């Protein structure tokens, strides 16, 4: 509801909204005018969006664009990775270990596309398994979850062993899939081991909301119960996991929030 | 981090993660095994994503697909709208008033595409102005904000007069733009006029995060200060606003959360 | 910062604050005056606080005031409880089972005082164990945690097996202790088994903040991992647990939020 | 629900809870035992609570205990304040300006007691007006709101001009009142002017919950609309306001969270 222009019908629309809202509040002051609650400065920063919504916008850091992996990534020892570039995609090579970004990130928006092998092998956690670790700690599971039953909070789009996805929006193996992630880094309490504000994650899988600002209770663990304490950490690398399957990645970009 | 398979290198990777995390917690029990923290039931519901991420997934209600407006929408009086379908888009006709969905919604994921006229007329709030009202109350502003300065919290992607977008990710007039919205409906307190939990909104504009789970302080108002009270409301229609400009809409779908 | 009265020194104070805040925002409109952002109606409801802060305010439901247990409480079968009233306190009788309120509650503020036996017997979970269940599901642990080591998230003030208290603010056995609790009930998603908004709990133990608006991941469980799903539930009774120890309660009141 | 001891009746109680919860989840693994989800380390830090719940616990910083104001406080210029100590209370002297703590704080639990003059003078904002500023920015209003109508979000316990208290739990003028406050400091986005996580405040007034983890939309302002941006700030002093009335304070303590 904005400018009340010289149109009876638009004014009607304004009145309609007001009626629908059934606002209890009585206007406290008749003299207040619409312009008085406008705030003009500072101007909102301009970002050029991508041609497609999945393309990197102008303020994103492009972490992989199809050609060079060594600029932004390294292996766990800080050496060049053995992961391969094939057909413009970055493919995990079994046994080569994780890759991690040279840059460190805290809260961020992350876009990442991935594909599990079209030739299906194994089942449950053994099929098309990899993962995206936020801030070195918190895993968004990558898995071939198309006709592949596993435990709820271990399937694609789960926050591994903490939150199952709301729905299973998986594409078939061999098809590209996308995660759009909003990550809010934790704030630690003065004891340096508990979260004052826990890490929070939102995930869209192929355009479908599967995690809605959920709180994590601690770093991802494979055995046992994650707990709300960990040694206080600041920004961290993004990790992509080597889980022994040739999962491919492409079009990875990140915006710091 | 999942199955520890028979690969020394993957185990290395596991160890690396553990070291990086510097978890303070000592394992409380050596006998716990990974399978003990798996939860298999109920199976996560399967949703078929769209061909493109912007296409409606299988569990979405398609509110407009290019042909029929009267199935899901009506005008403010419950009559057929005078808005027009042109080239597969639904176009606002000045003076015809809002359109609203026949169905009512609470918390939801909403995808909606919109386009302001390629022939630029007017400025500030007078250029390509419309709006998406959630639950009949809370407006996500639609505006031509490309080279069109206005007040911060009145530009495209603002939660009108409450939250400016984090960045201005507008495309040029005449180009299609998209909002992907996560909306969490408010919970009212026992007094029926205050929010126990305020409404919260996340918005991506053309793939760029511009509202990050922000809390609203009340229904959208044009004059004065929104306040944290309104007569308790349940699910409501989605409104598209007639602000006197021929803004076009297409590909509108919603998923109830 | 409120009325700018005719006092140079108070004006100085106003200026000081403005400087300290270093607000980026330029005033958008010089004509706005302080009264224009005042909201007078509806008047805020008046509540008479207790004589002491721990006494029931005028809008509280008094659940136990030292004399009558049968008005507000019953056992798990809906029969009169075998718990005893001794010296104005309500004391758990081993083997008599839980007691629960006849009324059901959702979001609430709860004040409850409790005392473990002055004669110490047992250790860890075996000493002065009881518990307060919110909405029949979510336990705030009651335990003699004074010089009595147990697992972190099982001690007094823990949200049992989900959140350890931030600190251990226990008084000695035989001394009265207090919990002041803010509980926000969960909102369920459209699937009726996942939380759209998880239950949240804040607890003060003897005046010390020990749980700060933490999210629960599911109902309290003794064995296994709580998960973010449970059959959708509405308001529920408050339970006090019989864990076999003669824990005493007094001055229990609740305010619906 | 904890140790399953050798008591049929307690086991009954356990079963009762399980039934009440109607948990959908099937146990994923029969071999998991209760001890496997116990976490024992690190031990929760011990804090000695006060004799009364309003007394400072052992880990609090006592900001005023009735005798010395100059140890912890100073005026806006860093000089000794002209506020007076009378009968163990710290009393505002009109025209002397704010007092602020020498230490700076971020997230905290704050206990503070205050009293407005028993001899009533003035009305609305002119009666017994002072205020507690958190992190130099965010005011919890202090006012004589007993039989003294003013605007909703300007009365005692309001977050000034942002959130009215849920109820008016004021005591009479001349009587001591208490605020128990939980404050979570904001997290700023990478632009250094918007909140990634807004400041949040919970307030009990005389033991009654009046603000329930509400989000602030910006620093407190007297004129105009607070906005979600301010120059990024870190920890800040606590301010007590001189609004020209001889409001008294006592028993002020704070715990860093």
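Read from first to last, the chains carry the letters A, B, C and D; within each, the first residue is number 1.
Operating definition for what follows: contacts are C-beta pairs under 8 Å (C-beta built on N, C-alpha and C of every residue); 3 or more make two chains touch, one makes a residue touch a chain.
Computed from a predicted model, the values in this text were never measured in an experiment.
Chain pairs C-D and A-C differ in how many C-beta pairs they share in contact, with the greater number at C-D. Chain B and chain C touch with mostly matching residues; of the residue numbers seen at this interface, over half occur in both copies. Note on chain placement: the centre of chain C and the centre of chain D lie 16 Å apart, centres being C-alpha means. Spacing of chain A relative to chain C, judged by their CA centroids, is 34 angstrom. Shared contact sites, meaning residues of chain B that touch two or more other chains, fall at 24-25, 28-29, 32-33, 36-42, 45, 151-153, 164, 166, 184, 189, 191, 193, 196, 212, 224-225, 227, 229, 257.
Chain contact summary for the complex, chain C toward chain A: residues 24-26, 28-29, 31-33, 35-42, 152-153, 162-164, 166, 189, 191, 194, 196, 198, 212, 214-215, 217, 225, 227-228. In the complex of the two chains, the chain D residues touching chain A come out as 28, 36-37, 39, 42, 45, 107, 151, 184, 187, 189-191, 193, 196-197, 224-225, 227, 229, 256-257.
Note for the complex: chain D touches chain C at residues 1-5, 7-10, 12-14, 16-17, 20-25, 27-29, 32-34, 37-50, 52-55, 57, 59, 76, 94-98, 109, 111, 125-126, 129, 131, 133, 136-137, 139, 149-155, 160-161, 164-171, 178, 180, 182, 184, 193, 200, 202, 204-209, 212-213, 219-225, 227, 229-231, 233, 236, 239, 241-244, 255, 257.
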